[in-house]
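Structures for review follow.
One chain, chain A, appears in both complexes that follow, with chain B as partner in the first and chain C in the second.
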Partner chain A sequence: MAAQGKKEHLYKILVIGDLGTGKTSIIKRYVHQFFSPHYRATIGVDFALKVLNWDNSTTIRLQLWDIAGQERFGNMTRVYYKEAVGAFVVFDVTRLSTFEAVQMWKADLDNKVLLPNGKAIPAVLLANKCDLASEGFLGNINQLDDYCREKGFHAWFETSAKENIGIEEAARSLVAKILENDETIDHPQPDGDGIRVGEEDGRAPKKTKCC
Partner chain B sequence: MKAVFGKTIGGISYLTRGTYNVLTSRFRRSETGERSESGERAGSEREMNPLNGVSAVGDHSLPDPSLSSSNTSPSLRRHPASPLQEDDILYRKNNVYLKCRIGSADTGDSEATPTNGGSNPSAAIRSLRNLKAASLPVESKQKEGKVPGFLFITSRGANYGSTLILNWAPNSSIIKCSGSINSTICTAGEASSDHTTSHENERGTIDEATPQSPSLSSIPNEQPTSSSSSSSSSSSSLPATSTTTVATRTEHKCVSIDLGEMEIIRVFYHTDESGCKISGEMVVSSRQTDFWVFQFQNGGLTDLIHLFCSWDYFNHQEHRESQQHTFTIFRPKLSLSQLHPGEGEVKSVLTRELWDGLFGPEGRIAESDCVKKVKENVAVVFFHGVSPSLRKEVWPYLLGLYQFDSTSREREAARLTHCRRYWALDDQRIQSDESGQGEEWVVGVQQIDKDVVRTDRSHPYYKGDREEGRRHVGTLKHILLNYLIHKPGLGYCQGMTDLLAPLLASMENDVEAFWCFEKLVEGTAYFKPADNPVSVEKQLEPLRMLIKQLLPWFHSYLESTENGLSLMFCHRWLLVCFKREFSEEDTLAVWEACWTNYATASFHLFVCIAVMAIYGQRAVEKQMNINELMVFFNTLSLTMPRELVLTQARGYVHQFCTSKTAHCTLASLMPPEFWLCSTSPRLECGLCRGLSTSCESRDLQTTPMEALC
Partner chain C sequence: MAATRTHAQLFNSHGFAVMSAAEEYNMSYEDSGIPSVCETFKEVLAECESCGMRKPPILLKKCRQLIKVGGHNSMRGDIWRVFLGISETKTRTNFDYKGNVAELGERLNKCGLTESTCDANIRRISALLDGQYLPLSEEDIKWLRNARQIMLDIGRTFPTHRLYIGETKEKISLLRVLMMYAKFNTSVGYCQGMAYIAALLLMHMTNEEDVFWSILTIFDSEKYLARFYDRKLSRMQTCGGIFSLLLKDRQTKLAQHLVAYTHCMYILSILQKRAGVRYL
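The block that comes next holds the complex of A and B.
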């Protein structure tokens, strides 16, 4: 193929989090630059495609998997996670329970999908509905830095699909991480990774760089 | 339309008829060729027509391009069953440049880029890359420079076979016509738009398709002999086979493309200050490796996009950032030749007249002919549904809330009991709200709160801008909360609001809606306690087995695809019974057919089968993996023609009932009487898990079903 010019990447990105945290709204804002308060509840999974002209030589197509907030199929959703290379985990800053569920979602993610080199896929935490943060529960939002480090999130962002805050930045951060991973996987270090996979028994490694 | 052309517009009539004569003869030829191979497994490269849905037309006289401007008929939303005729010109535009055309490829390499930088060259190149990363041989690429020509799009085919044909002829091939003809071109445009409107009104009935059934194409797993024998009777207007002929060699290189056979059309545009789409490119790509790039320099794109948006089988996505419209084409294919024998016997929906005629003096159906009468009425619903104004009366019967043989006094008593029990639940709910006890309750309330406000809000009954709408949303919430109390342990499941909302909107009564909802969740839906996902998995078993029996070609493809048999792509279909796949009205037709329990207790599974049958070949051809499969079936949402899907589903019910054997996991699809009365199909238990082979092929007539499984 005449690929002397541009590189093309297609990345599968998961968007997960509790029911009603605004996953679909974030995606619609990101892909269609549009917000509506009445998106229907997602049943199963929905899809959206975002094309990014990353730089002069790279086009990136993000296939966003908008996964229903109510997980009812247990292990069967493993199929949804297959071959994903990145994830957004979303919670609603006005509802503490959705934040508490973040750990569960992250654990589920790491349990169900890994990069080809055995590492956890990069995940970015989105604190959504930050336009309503005055009624939020997060007193000291800076603690999220520590939280991310501890739970193995690559980064976190305050977002608002309604006011279009933080979504582009969050996506850029995740894509940058994915590209970085892509390069190391394309040219794997002969040793390091292999050993770690063995050690960790196929589980996610402890930590990736955070923030 | 033909008549219109014949009478009023000599010049253009010659053009289009001539074109179609050529096309038609080629279609027929290629069709026969294809049919003879159609016994091959779907997906085999050999079965694909090498000619890729393209045909060349010879040197025909065309009207003076300088006079025709782009022109689209205003309202084109077509129902698949509406009888289309050939030759409707839906769009035309002069001076469209064919920038490049790249033919089928096998090996070799060269850069697959158009030679001329146009208004939006990077977009075209990008799209070429995106579409197929295949390497293309130099020979097959025809560097045409930038040839101006006349582009027009016509409709062709009737019923489910309707498609769009894109025709393009270089200006050099056009013979100037006299001025008198030019005026008649406008007539043609007007005539075709009139015609379109009339089709729209005839939102059709399936009956018209029935007589054609012998000539419908057959599914790939059928015997090649039988399918080829039927091909001689098929006409070019039929679907599934109409791939065509490549323009290999004519002097003027006219192009005619069956857009229904293409994969993706992308339209890139530039806008002026006022936002008008003034110029751009259209890239048409086939399912193989053919591309055509048409350049528009002087408007016409808005109408073109409008036309494509209005076409049922084109799935539309707009990417404003990259100034691009993408149309993915999902042309349905008839896959089953034998329709249900009851097809066509019933002509219309269940009307007030029919329904009221059922009931005798005591408000009950006379016992003597009760079974027969009920069956007749249920058949009407199965084939055509219920008239909207009757729904609130008929649904409680269909869902089993009332028995058909009850008297009006008995029903009144039942209604009172229902009310009492429901109001008791109301009281309990208010208490729970006040005490705020229990985490499960709090979570349930929260989730329901989130979901009710985003369910069917475009439906007039729930429209948010009116006080009434908000009140109805509140009722929805109360019913669901009451249901949580009524069925402790189940919990709220997403999708419940989707099932309940139409019930409440039709019943307009919370008590009846509640009890109907209860029946619905019990009977057809897949809602189970969240801690028991196994049951969901288990409920897919009959569907898997049904695919194996009715669509063996699709089953073996799924089997060979990693996680294919997880059937994750049909979970949404089952969970909310196709509510997200069809429009509101179409969904209700599917639901009503399912609720009748006519011929089968699991009609929804046959609807799944129909969708897989109609669209699955594309998946097999492209050897999609499970990811692609999920995206593919998800994208079909709202593009599927309801009547086609339902007709095929009914046909598969019939096929199932007339097959020789059925696996024992399928016993639940039919009522017990069915297995006891019929000699075919017999239930076979040989493959039952955990059973010895000794139970193989035992006949139900001697053994009750439960003993077998």
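The block that comes next holds the complex of A and C.
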């Protein structure tokens, strides 16, 4: 467990947005420092863990939930969203329809998950594929400031998983907000003890029948 | 690293690109088949096929024995075809595959698109959907969205397998069979996850149309994955529920841990990814 005086936090963060906006690529870049144009389609959900040494006395584990963008998986988002404390909502700057869907994703989020104090969880908007921005529809990108205020986003960042732009900054911004929330709210944390598979209370594993 | 055809490539016996020296070291070379076993298997399968869905136990026993012997790798596609009973599916359903494929080509053409899943094609669909070229009917929009989704997923289905690196004819087949299934069963359409199953079948079946009839059989029959991919993912949710109850009963602590840390959704990804494999 935590070293003397050292604080550890485990935070669940959602990464949502339309299909093909680059959610998986952003996570790959952030967690594994790599980008590949050949990644797999996310089916259901994938997980990744990022450990941050936030400062000398704080270690943060970010559990990133990479959620399939296809509409029909939306039936299950309530379960996915449970107990999340932050979210990235991703759109693709080269595709207007993915930006239009941002509202839908944000509303879905606010409907299905709240912080223990009843407030919306902090969400950061990511304008991804900004390396292709010349093909993009965002004329005056500063309008996004107004948009974020209006829709209740904590902040927005231009990102590129390919060129490694903006992702670290976006994550720091979200984590700072989560920490700030955490100090004001009492969180029930899941039991931190690991589990030893096949071992129950130190006894030999129970024999199980198999059909 | 991304796999491209420009690199000198090594592929393992399953056709996947070998990415590291360690992997190369562990490469096994399976024979594609022992000729005599394959010959016998062919005869048995022909007999099986003539019996339709009611295969006599003696033939099934023979098949089991032959599978145990091994050396029938190249027969996999034929075995699946016969045991899925695709000729029955074919006669039961009145769907003109070739005619519909031709129609698909024409429709894509009319929109200035091809059957390729390359970026330029996908970008053009996005532009069409953003209303940049033609006025679109509601039906067109639905169709284009579906095509776009399938094309996007094909580019990320087994991206390191030799059949799916670069612009290959197998990618075009994959597009066709998935578009055709979505056309055949409009209430289900295309669901993420289907592409993997179709792509796996294509690795072993040389005839594209056989792959179409196979996925149709798998996705629509109660025995396999019916209602697994419908718009509510209804059967997947049921299976997920059953699995979590079983886990709670057999591995209580593990179940508690998974619920505490990941809630129930690990089940979904397990089921989705394993669903096809279980039957193939």
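By our rule, the second predicted complex is superposed on the first by the 178 of 211 C-alpha atoms of A that agree within 3 Å, B and C clash if a C-alpha of one lies under 4 Å from a C-alpha of the other, contacts with A are read in each partner's own complex, and residues count from 1 in each chain.
The working rule: contacts are C-beta pairs under 8 Å (C-beta built on N, C-alpha and C of every residue); 3 or more make two chains touch, one makes a residue touch a chain.
Here the structure is a predicted model, which is why all the values come from computation and not from measurement.
When the two complexes are overlaid on their common chain A, residue A:Q103 makes contact with neither chain B nor chain C.
Once the two complexes are overlaid on the shared chain, A:Q33 sits against chain B while remaining clear of chain C.
Contact with chain B, but none with chain C, is seen for A:V51 once the two complexes are overlaid on the shared chain. When the two structures are aligned on the shared chain, A:Q143 is found in touch with neither chain B nor chain C. In the superposed model, A:V79 makes contact with both chain B and chain C.
Look at A:K6: by the touch rule set out above, it reaches chain B but stays clear of chain C. Residues 19-20, 37-41, 43-47, 63, 68, 70, 72-73, 75-76, 79-80, 82-83, 95, 97 of chain A lie in contact with chain B in one complex and with chain C in the other.
Those residues of chain B that touch chain A in the complex are listed here as 109-113, 126, 129-130, 133-135, 317, 319-322, 443, 446-447, 450-451, 453-455, 457, 464, 493-495, 497-498, 530, 533, 536-537, 563, 566, 568, 571-572, 575-576, 580, 626-627, 630-631, 634-635. Interface of chain A with chain B (complex): residues 1-3, 6, 8, 12, 19-20, 32-33, 37-41, 43-47, 49, 51, 59, 61, 63, 68-70, 72-76, 79-80, 82-83, 95, 97. Those residues of chain C that touch chain A in the complex are listed here as 1-3, 123, 126, 129-130, 149, 152-153, 155-157, 159-160, 191-193, 195-196, 231-233, 237, 250-251, 253-254, 256-257, 260-266, 268-269, 271-273. By the touch criterion stated above, chain A contacts chain C in their complex at residues 19-20, 36-47, 63, 68, 70, 72-73, 75-76, 79-80, 82-83, 94-97, 135, 137, 190-191, 195, 197, 200, 208.
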